[in-house]
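Mind having a look at this structure? Questions to follow.
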């Protein structure tokens, strides 16, 4: 593989270290692009950014999107590309793409003002979920069990600055006992799925919130995950699913700059190495 | 025309009144969708939103995008569609599409952190422009003439809440004497261009900041405007251009939910009526 | 009365109109100081602000405080003075003054970080109240009935910008059936008290949230209100009280720039006129 | 000394380590109160907080104020007390106290809205200073040399969330070649003053912004510093002064939770030890 690989980062997580290590192992020329240190020109001007394969890894979603755009305008092949990262990063846009591809999602209503949010939440069967279009690790995902809590959520959200975080995604609550499924897709293939189980006194199954994990083997989530990943044209992605007793598996969320340390451990798969192999295949094309 | 038209709004500006009037004139069945009063379901559930042609007019960019998405998942043809509104609403995404289509833009650098922004601004030839990816009416578009001002901009931006408004678009200043060109495109056609001239003591040519306007007749901006509009697949759009002495016309910005009162007056064209005619053509297809 | 009266305002509410009318009735020379139009010098420089009696009425608390300070440095007698407005405007400072004067308040804990707030709320007997030190009309006052809601409040508060609104006042919930008492004190005298009763489906008794009112006649709240007003050295103030079955009346909040339209109507007292009489007495001293 | 000392902290800076070390040296019983781990009850309930001498050291101003208040309601003698920390922490309140005591400050105007701020800045002789009432280390202190920069500052400030950070303190610029004087007062005594000189390309003399320091020996700043400290009833404080060619020394700012590492080094004085000696004297009273 002669093409240069750019590893674009802001904060170095375990994932970025694993990726760096895997890239070194196969001996590919790699440039670390630290966006905290380098500003990025739009258009083809910066020699050392041109014509590369770029792994886009900034933690903050918009930083990842804008890094990808800058590299794309410098003729680099970005993984994931800016459009995919944005589609995954904004849950309303994710749902749009899933619905277009006839993929199952929870019942969802969008409320764009405090009035419509309050009205929808008060009238909705409880419990009900309220979340923002952007945000990670379960942050500002609220389980609302009564009208007082609905008012609390609406009042606090109204204090935030950006229209995006003032937007309410209101969803049916799916009783899963704090469990969800996370699958990891690279290219056309699902390399595995894990079950995440929320810790006691927490209903959200985010590992950042203390969830436990175990491997699962079930063809249905595998297949859904691949379709979801393709719906947003991802090179790779993690996909979160809920199991609904009547409706079956529903897609809750896709991550276009996914973490994979926990999944690697749980499944005993070297995800970084799998991803680097995928890069290598692309580099040869 | 038998298809229902939805006029989706939050704040009613003169433009929305003109559109309503024009729709009444041709006798088309019109539903006003006030997103301050109605929450919007994702997916095909709401009878009165289905299978319509929807004019997306909320003032806030993300509200416009999410309104368009909700209507698209209800099988409506949106004008503009959600993707176009988002591409126009985020200046970095706009520039990406323009560059992909070999359309001319000002020299631009993206700085994603306070450190890279400060470094870029201090090293840049002055004056230099600093702006955010989102925002309207010239807000937070800064003309920086010296290093003190660069520091002021970077420090204040860092206090904002969202990553998007913390992102710096840093651009060459184009000495235009406070003039720019605004063109208006509907479908494949540019219906006219005006020159906007900033009032004294203001370098920005936004009408909201007191600029004066006059008609201009020049085939080059017309043609560029059409190409810019097509680059983001807009049904209609306003396009802002600067004239650079050596590089010629450069595209500065596109608006996907454009105001047009001033342009209508300056050119003595009924833009609302032109737009409604365009809708009618689409409705017949 | 020969001293000039300054009526310092930002938004003109019914209260400010009533005050203006009462001032005209007694024929006192009055200057309206609109702080949206006039910047205020610190120190004795501005002739038309000097040596006056100034009624401080801006709606925003810090605007009221800073207006009062500017006028005080111009030798004006402010009603209320800046220190009183600040003590009333910051609930933690209010409680400090009440405790120093052995006046009864609800059981209160201050949590200055998300960790201590979450810990305190999770361990606290439910329901429990969480509120911010600053803020009016019941905004961001949360009734927390379970641990999920506690997490929601803490997460959302952490997104706010200022340390003050990130501070948690955590209090015992006092079961009052949505009722509280509001008393109005001018000088050494309580001119009356009303009972406010929250509308159905709301536990907060703010009139802004739809509460109903009726007069009450009970010497105990009267006396407490006077003591509370004196604890913060107010010229006039409204005082909110809760009735606790075992502890008796507790002071919940004091307002140093109080509204009084509803209280005037409920008690059939012309509060503006009473306040102007008080000013007149001061002017004569 | 038998009274317990409480060292109240959030972030542990070098200053807090020096204070801890000095307290150990004299063998006083010391409790570290980490407000990131402990919530604080209002009123006399918490045994281990009662009847102590408390050094208030949280970095964030409001956290320091509220920590002091909680300890004061638990019968502790706070150093500094809550009122002093607040008076120093809010520059408008500081100026009020200085003016009341006939102490010299720069010419200052308060603008409470964007309109009055813009108007004042545009009309003011340039350069002019614009700052917020709260904030440390020179943050959001702007040197404005022209009208474009004035507009930039006003627009950006308007985007901030709290009324306090939207408030503009507008001051004459004092040409000091980037120099100021910092004095340190404990009790009735000024233990020394240093000159701070801004690094090249920076006009602000904050050490956080790279300033250099040297000792100075001049009785006038010493005396002014003591008077300034007494004006806000500080037990100890650092005081920043500017030298104005015609007006002489002017007081710019007081810090009620001051850092002192740099001053200790520059003057070769063990400030922590001096402060602990002061505590000891108080403990004996």
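Labels for the chains are A, B, C and D, by order of writing; each one numbers its residues from 1.
The definition used in the following text is that contacts are C-beta pairs under 8 Å (C-beta built on N, C-alpha and C of every residue); 3 or more make two chains touch, one makes a residue touch a chain.
Keep in mind it's a predicted model, so treat the numbers as computed, not measured.
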The pair out of C-D and B-D sharing more C-beta contacts is C-D
Cα centroid separation, chain B vs chain D, in Å, comes to 46
Rounded to the nearest Å, the gap separating the Cα centres of chain C and chain D is 29
Flagged in chain B as touching 2+ other chains are 159-161, 165
Among line, ring, star, complete and other, the chain touch graph is complete
Listed in rising order, the residues of chain C that touch chain B in the complex are 159, 161
Touching chain A in the complex, chain B uses residues 10, 35-43, 58, 60-63, 66-67, 69-70, 72-73, 82, 92-93, 95-96, 99-100, 105, 107-113, 115-117, 119-120, 133, 160-165, 167, 170
Seen from chain B, its contact residues with chain D in the complex are 122, 139-140, 142-149, 151-153, 155-157, 159-161, 165, 201-203
